[in-house]
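To start, I am sharing the structure in question, which I have written as structure tokens.
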Amino acid sequence: MEKAKVLLEALPYIQKFHDKIFVIKYGGHAMIDKNIKNWTAQDIVLLKYVGIKPVIVHGGGPEINKAMEKMGKKPEFVHGLRVTDDETLDIVEMVLTGKINGEIVSKITKYGGKAVGLSGKSGRIIVAKKKIKKIKTDKGEIEIDLGKVGETVEVNTELLEILINNNYIPVISPIGLDVNGEAYNMNADTVAGDIASALKAEKLIMITDVDGIMEDVNRPETLYKKLTVDELKELLDKGKIKGGMIPKAESAIYAIESGVKSVHIINGKIPHALLLEIFTEEGIGTMITK
Amino acid sequence: MEKAKVLLEALPYIQKFHDKIFVIKYGGHAMIDKNIKNWTAQDIVLLKYVGIKPVIVHGGGPEINKAMEKMGKKPEFVHGLRVTDDETLDIVEMVLTGKINGEIVSKITKYGGKAVGLSGKSGRIIVAKKKIKKIKTDKGEIEIDLGKVGETVEVNTELLEILINNNYIPVISPIGLDVNGEAYNMNADTVAGDIASALKAEKLIMITDVDGIMEDVNRPETLYKKLTVDELKELLDKGKIKGGMIPKAESAIYAIESGVKSVHIINGKIPHALLLEIFTEEGIGTMITK
Amino acid sequence: MEKAKVLLEALPYIQKFHDKIFVIKYGGHAMIDKNIKNWTAQDIVLLKYVGIKPVIVHGGGPEINKAMEKMGKKPEFVHGLRVTDDETLDIVEMVLTGKINGEIVSKITKYGGKAVGLSGKSGRIIVAKKKIKKIKTDKGEIEIDLGKVGETVEVNTELLEILINNNYIPVISPIGLDVNGEAYNMNADTVAGDIASALKAEKLIMITDVDGIMEDVNRPETLYKKLTVDELKELLDKGKIKGGMIPKAESAIYAIESGVKSVHIINGKIPHALLLEIFTEEGIGTMITK
Amino acid sequence: MEKAKVLLEALPYIQKFHDKIFVIKYGGHAMIDKNIKNWTAQDIVLLKYVGIKPVIVHGGGPEINKAMEKMGKKPEFVHGLRVTDDETLDIVEMVLTGKINGEIVSKITKYGGKAVGLSGKSGRIIVAKKKIKKIKTDKGEIEIDLGKVGETVEVNTELLEILINNNYIPVISPIGLDVNGEAYNMNADTVAGDIASALKAEKLIMITDVDGIMEDVNRPETLYKKLTVDELKELLDKGKIKGGMIPKAESAIYAIESGVKSVHIINGKIPHALLLEIFTEEGIGTMITK
Amino acid sequence: MEKAKVLLEALPYIQKFHDKIFVIKYGGHAMIDKNIKNWTAQDIVLLKYVGIKPVIVHGGGPEINKAMEKMGKKPEFVHGLRVTDDETLDIVEMVLTGKINGEIVSKITKYGGKAVGLSGKSGRIIVAKKKIKKIKTDKGEIEIDLGKVGETVEVNTELLEILINNNYIPVISPIGLDVNGEAYNMNADTVAGDIASALKAEKLIMITDVDGIMEDVNRPETLYKKLTVDELKELLDKGKIKGGMIPKAESAIYAIESGVKSVHIINGKIPHALLLEIFTEEGIGTMITK
Amino acid sequence: MEKAKVLLEALPYIQKFHDKIFVIKYGGHAMIDKNIKNWTAQDIVLLKYVGIKPVIVHGGGPEINKAMEKMGKKPEFVHGLRVTDDETLDIVEMVLTGKINGEIVSKITKYGGKAVGLSGKSGRIIVAKKKIKKIKTDKGEIEIDLGKVGETVEVNTELLEILINNNYIPVISPIGLDVNGEAYNMNADTVAGDIASALKAEKLIMITDVDGIMEDVNRPETLYKKLTVDELKELLDKGKIKGGMIPKAESAIYAIESGVKSVHIINGKIPHALLLEIFTEEGIGTMITK
């Protein structure tokens, strides 16, 4: 009887999110764990079958470094910032689009979903331009050339909409293309927010390897279950958000302000974190709303 | 974590039955119990939201007798068979289409489904003709005039398909119409089988108030979990199937032989019997297949 | 030759009303006469075949009282107003949706139309709420609880539009449903006006058993052939409109003010009143326009 | 009341012929009379509005001769057969497509229909080839070169179907085009039969200036009201069919044998002959069926 | 290798004009030359196949005079202006719709295009009214009755859009129809501009027998390659535009001001002038833009 | 004028191949040359814009070896056959899907086409199974385990058809997926033939770095301009086809026998080889037909 009860508890969520788009950002260390990869793929397929429209954006993280090492490619730095030269970009694309993307597609397919792996180049999903990084030095503000690092100019949703409407699950690697056909390495969190905004997604869910946004990252009990955009901005201003969480927080703010209903930051290490966050009253991570 | 597990256990069934039509016959004593009515409506809405296309056919049973009594209408019999005169047919239609049908529509609507209550007259769903009952007497075979009792000539699926494809749940009362515009009282089990066949349904599920087909109806442990059509025919021939189970068995045989994949006879008194039968390996009633 | 002439006289009307929706309210005493029922069904089928889209709303009237009597149900009154308790509502639904609606569907089907009988509950066509009746007494204004009597909150046209566009003739009984799944008895005239407005109908035609709106109901020669909304309002204000004609007049005013082009009140006792009103220059009843 | 009666008498025919294609051949002397032109245009518009899909094919007859005379063009004959040289073909096209076709389009438009005038060249409706006429002489069979006279190779229905499905009434002049872009003068009766066959029309109606097929053309009372194809063939074989009626009879036979349900030959001089033939039990001309 | 180069040079134009509508006016003396007729038809078919949507409007010019002469019809004049009486209109229609239109359809068909010849009457493409010409005389301004000469009231694009979207090339003769079904002779240049505006065409291209708009018509080297609407207006005001070029210039101005991107006036005597104007950087005639 | 001539020469081919699918295999050494890459991308975009539907399948060749070297991966051999272990498969996918595929997408996008890069895993385009290689040895036939080398079980065209019908150019890397979600390295020539067959392509064009099939590979003048399948089989049987040309020849035979109209083997080093082969009478490589 318990089984029926659980299914029926999920019903209000299934009804509420029917035909809604969820952009799921999946990356970093959460990507290396085999269990997490399986859980996430299964959860995504379930979401699809109960009527939600998932769109996956992934990053790369540790795999890229590993591949660079193997290929004897030394990281390059300017003013302490990592530079993406042409060779590095090649490796980034190979790992993101050629390896990680394909693995996600394989897993989703295995669990019965219809996945389509796409570089952000395809269908000009991510139109990019070179990102100009400015830093302040003693001699005033200077521009740093980070090489092939891009920022989003525009997201073309046509291809994504065609795939979604034909019941495919798009899996997107964060590579952008400029008007001259030059490729760029993009921040996956930012791209996920851009795509969620462009698709007018209901939710943007970021699967990480921490429990969410915490007052003190070392004390899980300080997890914020819910934050408004304004509260999140305040935390950012006060310097409470650090490291890799910063682009996530910024992307969350951008997404909410562009019409996405809620952004969730969850811990992929919790088995089936996606389902728990979506289909239970209490949730497991941090939910950011307007 | 258990919650996620239950949802994922249901996934293979959700995938398998995606976009498939389930005809659900719902009637008799199972209809009086308020709990059963709520469980069934909830379950139907869940089925719809996870991608199954339910079509409901209901009977009336005890409510018709009650209404006849109230209206001071005496049952009429010929050779021991109940006759449906014009006045009785009026009462049957009022109770089936005007009361029971509306209640089911209300419940499904309340739980978030889009239901459409239909008499079998609408869109000429059930084209009927007068049923000629022959019985053997001492003086040879004679034909008994049972009045306005009909048998199916044809099922028109156009209206049902339009509604199903627009995400409505049709709820059908078993009233047929002949070519002259005369209405007939029909057996709900038979109509359910006819509609399941015409719609090329995946499943026909009959919600009753017994556990299924049993070797000995007084010993639940003699329940047949699975039967082939041939085994069921043998049981029928041997007289092991009795009373109201006979039209159910005959309808099951007809449905399977016309292409329905499986017929299920389940006990509505078990909470959420529908979900348990569909989404668990073991099931709870009798499943009949080819 | 006369035949051709008549057909060609109808042509300008057929052209003008091509693909237009006509909501036809059909009820009261006009419903008991067998001839009127046949004429109206035939006329509706003809309208459909010459390209008009009829939508039928019916009432119940005398049949409900008859059924209540038969069931030994005593009418209940509060402050002189009839109360619809749960048992009465059951009888109302049974008679409206289970008997009268089905008869109209049978007749239209017999003359070659594709009819679909619907309670206002189906597809949440009529979203209702409890009607609060206020009356003035010596002790100030008080609220009377009339039980399950409802007023329209919203008309959902989705289901109706699907049926109309697939060439079905919807036949609707005036039962509403509130957000909790509770049913309500509604005034058929008011519902017809609400539906005509929601469907942006060309015409709302009310078939009654009087010739139309008259200066003096006992003198047929005082029939108003044409009235503007303002003239009709004046008649109402002056108390010239009485009894059952009041909700008709109010519904007409609402319909016209919501965009329906014209409202017609005609006498169903005149053979083929519908055709004569629509396809002849002079018409036979009262036409209300802006 | 008579008006309603006439409309309802037409109803069974309107239902029966709903959405059916009627090819109407209209030509010869029937074309000169202004009354006949008006009646026919009105009737065609009425047919369209009550749900029938009319397709018009016209001839030219007397007008062509008049134009040739005016242009000082002498008719040319070989072995007693009229020859269509290039200059004659020009005149034929100018009169058929440039004058008569346009007049029919104007009239139908005036009465409220949406007409599209088309030469058989447009959309390659009539793919033709040069007709080889063989005649028997004393010196054996010889081939006569009749110039630009064509016979049908194929009818392309694509353009016609697009127009019909968008509620246009195609009006076609009998000019064919061969694979080299050469135009040909075609027999209008034959073309009408070819088009009726290709469109799988319900009816082919030929409007002439005689009452139909008669045993004795001088005695109207010898009109055949109904003929089977076999009876018609017999009449042809026996030489009872003469002159311009021969291609009509042959076209009728071809049409019926290719699946057209009935062919009608009627007298355009009878006011509204089209309506009378279609909407009355008795009809006015000769109906040929299988 | 040159071949590939030419094809690739055309690519940017093919991309730019993909799915765009080009209205091509084709008339006057350019119409008599057999070469020009072949070139133009070939070019139009090529345009269609590389993704452009051509719509042809043609005039008649010299052919009409020839036909009038042949038919012994004397031109009529009032105050020095040519009058179109009923007989003249008949001849105009016969030549335009019955001869020239059909020739263009034949040629396009021959080269592999799907052409549909249409009088402006068909589908009420050109709704016209009688044109009132006012001239100034000694006795003040007087109105001249030019007979059946019309001016555009409205262009109905429905039929054209249906044909274009089904890959047909409409070929339109400039005959208009008023609300009473009366036909009118229209100026082809003006009609072309009206149709280009109504279809929101990308280009209006007028094929003439001169090189374009020239400062001095006798000195080809004074050809204006490009003109803005304002420059063209100035030339008109200064009287630099003369004769048949005036309606072309006026039509160009109207078209550009109604949203057509550019108007081209080119010399049909240059082989494949259409292709050269569209697919080369330099072009060959006068291009008018905003 | 020459320009117009070239465009018009291409017209018959453009007409003939309108809306037809061309599968273009692009690989090996032809892929390294920057000129060839640009020419091919440009040609593909032109094909698309003149109405042909190109589908690209690419191989990898020299790039894979380079990447393996860089990563310090030693090639493994069994019985002289190269083995694809898991690590090698990773590199193959990274180079094919992550590098080469993306480059082609970038180039096509740059020249104005809408390209979508896809691994054969996406949408289960290439359903594969492990390839069992049998070789004959002294000790009889033995099976060699080549690791992750696959052969096609089935081609799913759904995703490709959706993309093609929405005007995208699919660019496919030859990676297959089995039912367990395991990836396989596939022969690109074979995959191209399989996809061409499944899509019922008009042409399969293989861009190589030789002129086509030659009697003697060292003597260009021995090129076969045209071969029938039977002639090609004979050449294969006689051992005249060698090395990398063998899978091309086999794929060609399979494609033709499955309904592809013609297979072309052309030399990518010839500038714009694709256009020359398709749009000129003489062509430049070997054409194989039934």
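Residue numbering begins at 1 within each chain, and the chains themselves are lettered A, B, C, D, E and F in the order written.
Going forward, a residue touches a chain if its C-beta (ideal position, glycine included) is under 8 Å from a C-beta of that chain, and two chains touch if they have at least 3 such contacts.
Since we're looking at a predicted model, the values are computed, not measured.
Student: Moving only from a chain to one it touches, give the least number of moves from chain D to chain F.
Tutor: 2
Student: More C-beta pairs touching across which pair, E-F or A-F?
Tutor: A-F
Student: So how far apart, in whole Å, are chain D and chain E when each is placed at the average of its C-alpha atoms?
Tutor: About 34 Å separates the centre of chain D from that of chain E.
Student: With chain centres defined as C-alpha means, what is the inter-centre distance between chain B and chain D in Å?
Tutor: Those two chain centres are 56 Å apart.
Student: Pull out every residue in chain F that's touching 2 or more other chains.
Tutor: Residue numbers touching two or more other chains: none in chain F.
Student: If each chain is a node and each touching pair an edge, is that a line, ring, star, complete or other?
Tutor: Ring.
Student: Touch as defined at the top gives a ring of chains. Read it off for me starting with chain A, then chain F, then onward.
Tutor: Starting from chain A with chain F next, the chains run A, F, E, D, C, B.
Student: In their shared complex, at which residues does chain C touch chain D?
Tutor: 1-12, 14-15, 18, 42-43, 45-46, 49-51, 111-112, 271-272, 275-276, 279-280
Student: Can you list the residues on chain E that touch chain D in the complex?
Tutor: Residue positions touching the partner: 67, 70-72, 90, 93-99, 101-102, 105-107, 109-110, 114-119, 121-124, 158-159, 162-163, 166, 168, 175, 177, 180-183.
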